[in-house]
Amino acid sequence: MQPDEKRVSNPTLNYVANAWFVAAWSHDLEKEKPFGTTILNEPVVIWRTAAGTLHALQDRCVHRFAPLSLGRCEGERLRCMYHGLLFDHEGSVVEIPGQELIPSSAKVRSFPVIERHSWIWVWMGDPALADAQLIPPAVGLDDPDYILGHGQLDYAAAARLINDNLLDFSHLSFVHAESFGSGPQFATSQANITPLERGIRYQRWIEGSSGTAARKNDEPVDSYMSYDFLIPGVLLMVGGNFPLGTAKQCEGGVPDLALAINGVTFTSQAVTPLTGNTARYFFSWGPHREHGDEAQRDMLMGIAAKAFHEDKVMIEAQQRVIDITPVPQVMPTAHDRGVTLFNRLVDKMVRAERKAPEAEPAAESTNV
Amino acid sequence: MQPDEKRVSNPTLNYVANAWFVAAWSHDLEKEKPFGTTILNEPVVIWRTAAGTLHALQDRCVHRFAPLSLGRCEGERLRCMYHGLLFDHEGSVVEIPGQELIPSSAKVRSFPVIERHSWIWVWMGDPALADAQLIPPAVGLDDPDYILGHGQLDYAAAARLINDNLLDFSHLSFVHAESFGSGPQFATSQANITPLERGIRYQRWIEGSSGTAARKNDEPVDSYMSYDFLIPGVLLMVGGNFPLGTAKQCEGGVPDLALAINGVTFTSQAVTPLTGNTARYFFSWGPHREHGDEAQRDMLMGIAAKAFHEDKVMIEAQQRVIDITPVPQVMPTAHDRGVTLFNRLVDKMVRAERKAPEAEPAAESTNV
Amino acid sequence: MQPDEKRVSNPTLNYVANAWFVAAWSHDLEKEKPFGTTILNEPVVIWRTAAGTLHALQDRCVHRFAPLSLGRCEGERLRCMYHGLLFDHEGSVVEIPGQELIPSSAKVRSFPVIERHSWIWVWMGDPALADAQLIPPAVGLDDPDYILGHGQLDYAAAARLINDNLLDFSHLSFVHAESFGSGPQFATSQANITPLERGIRYQRWIEGSSGTAARKNDEPVDSYMSYDFLIPGVLLMVGGNFPLGTAKQCEGGVPDLALAINGVTFTSQAVTPLTGNTARYFFSWGPHREHGDEAQRDMLMGIAAKAFHEDKVMIEAQQRVIDITPVPQVMPTAHDRGVTLFNRLVDKMVRAERKAPEAEPAAESTNV
């Protein structure tokens, strides 16, 4: 571990820009109703045309900075409703009321935007590098296999602190001892963590468990969970309980999910940095359709509501302490392997982005 | 246009100080009840004596910075109610309880203050330059010719952004399409804008108009409006509808207002910078007494309430976008002629003030 | 008076650290319920063990800055409930879940903490210098001699401004003319102020007084009050009315308190800097048991509620004026002798602390 890896996140943004960020739920985007948000401290307007196409632009008119999200959809175009400048979906001004000539510099950044898995994904970096294959394989609300509930929370804390939380499940034994009913094993033993190209994989067996609040069992079971945590901050997790001995049978590896007692559940979660010290957290969770129903989904959502509130209380308090700490320096523990691997990956990718001028998000001229 | 004219207003104050600022309505100043406000980031206390005289001082005791607006009127004097220092109306301390000697430096700035047109005007620059002739000829609530309603709004935005709004009426076609019922002509054609010594004059005819929400007409009319926008940020506007053909008859110039169908209306508006990013907006509006009544005034106030709220939503959103924009730089359009003329005048006057040491408002010693 | 003594307090902390600060009331500390606060901009957690012992640590986990005040008491230890690190009462980490080795640097500062006079006192400076003898002799709520009410107020203002207020009682004639019913003498004549080793003593007689709201008298009396104002900001005051002539009989000195008409009252007050511009104000007040009862205590608390609100309005307004004043510089008056003496003492002690490396509170390594 290098010394600078100990630095905590601060309002200076240290996130990969060449990534798909969850900006909203699909159902947030009504036809011809512009949706304004902020990602990586950049105002972004997204809209869905009458024909159903999605577009995303900088949410800032070139004229006097009025937000285009207060504007009006006109076909594939978006009109600023302050003084009427009309933008095409690539960000070029195509009409200035009362003026013939349109300067060629009259453009705002456009962002690649894709709707998938019930989420609206926006690529915040170099559009030339936007590859739909890089969208994490989340499970959408309309997935035929799962019955999912969903929600979101706004955090008065840096996204990186939420990422850190999701990258170290040892906190389950403390923060969520009651809500998730997690036992002490999350903290007393290590998970199996492996690096991925754009994230890390976390896998763990809890042998002889009595299950959790989500899946209680009368008889001891072997509990299994596995998640990928992917750039920019997306967690995709499957979990379930298996007959005692399964962990040993598969040598601590991946079980046949079809053998899960009462089936598995799946959760998709996404952490989006709004500004340097605010973030939006999107989540869905629910049982597999073959073994669960709406009632079980609602029970899981009740647990999630309690547990995610516990995280929010802790992480926002953590942010407040950081804010009054002159030189905050973390002291990583053995459970921070996932945190360290992921943040090292982020740092490496951010450094690479900033070396490559065409991928520099701050240099807007390269993207318009 | 010079490069630095494109810079947007920011929390650094860039306003003319040698000007009369609207601080309050006449009726805000009750006898012997000190009124505290902030103008150009300077705390100001204004009071009306029992005899009716108005005085204005820095709202900050020389002793320990208690606001004098929490003080007590004693004849022409104002006593700080923290430790009892007594100030005369020119700002000199004339009594320090328990102390014989009063240092000659025990003074605060006094500000020229005049009540006129139902507004309390305070001169924030060099008192030696305060000329009552420079008070813009607003129309007071007690004017015999007009039946006026009035109101005010506090903005979480720089005064300059409100000025910009009032200097370019092309926004009427977009921001106020419904409230004022303004047609597209405000944006598709140019107004006639001429420079004044301390502001600009805006005049425009809309020929063949069906009127606006304020003055609807069954037959097409020629609509006329003319306003002066004056330093520091005062708009004075008359408007009315005229028989079709009037615009051509007077060659696009000033009509005989007495010929207005249903008479004219008049509005006085004032934008006062409180701090670098907050402002107070005062306004009155109403019909000429010969052609209107209280019901029409109330109808106009209803329209104003809606329209000025539309402005506030847009301008405060604009300010928030500016706040997260690293180097905000405007791209003026053809409709910005009034904005540019006025802001250029402001910049020129500010530069002149700052060159002349005796007019430098920050150098308090010159004014006490 | 040296020039730099005129500077007003600002968000940069200028307080003596080697002192006992009131952190809470005794009854705020329930057994095994960690109590989080902030003193001198430092997060502090205090807890009372099941056995009744008090401990205080920096409220910031060494791992990732989670506040320990969200933690769990375990005997004499405190467990961070984010990832489970366990701290002993001296601040050393003694357990890291899932990790054998504990770095020797895994420590937070511990603070000497003492419960006395119904208050929890925390020493914020060099622990080696913590001397319980320096705890000011406040009167606790369980004192056998007094019947005390109590309360507290949080200020959006620097503690130093509250200290200044309490060090110059000439404000009683203005701020509290109605609530305390103080006459003009507080401002027109001087109190007797003498320096103490760690503060100042304020004594004054008001001869021929008709008493105050707290102690009205039909016949004129000689009113006496005496308080010590002690580092870091503790006021301890006794007061009462005496037969006319008493002041002269004791030559303006200390009377025999037993001769007070209707007995004396006692108030203990403490001002604790939370951050540079926020503070917590603790107070108790009540009559001596031999001459008063609960009804009189409640009457006094009613007066205090009104008067302390008057102070808060004035001081928070004062802070807001200071905040927009470019170079705030006070102009001391004759009544500022107590303020000047005390602040000069503070400045001298702060300078001495900062010269002595072992007493430097910012250098945490010296204290862990």
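First chain written, first letter: the chains are A, B and C, and each begins at residue 1.
We take it that a residue touches a chain if its C-beta (ideal position, glycine included) is under 8 Å from a C-beta of that chain, and two chains touch if they have at least 3 such contacts.
Keep in mind that this is a model prediction, so the values were computed, not measured.
Trainee: Copies subunit A, subunit B: same or different interface, half of numbers shared as the threshold?
Mentor: Mostly different residues: under half of the interface numbers shared.
Trainee: Tell me the angle, as a multiple of 5 degrees, of the rotation that maps subunit A onto subunit C over the C-alpha atoms.
Mentor: A turn of 120 degrees brings the C-alpha atoms of subunit A onto subunit C.
Trainee: Could you grab the centroid distance between subunit A and subunit B? Build each centroid from C-alpha atoms only and quote it in angstrom.
Mentor: Subunit A and subunit B have C-alpha centres separated by 47 Å.
Trainee: Identify all positions of subunit B at which a residue touches two or more other chains, and write them in rising order.
Mentor: There are none in subunit B.
Trainee: Can you name the residues of subunit B that touch subunit A in the complex?
Mentor: Residues 8, 161, 164, 168, 170-171, 173-175, 184, 187-190, 313-314, 317-318, 320-322, 324-326, 328, 330-335.
Trainee: Across the complex, what residues on subunit C touch subunit A?
Mentor: It is residues 38, 41, 43, 59-60, 62-67, 70, 79-85, 96-99, 103, 105-106, 275, 362 of subunit C that touch subunit A.
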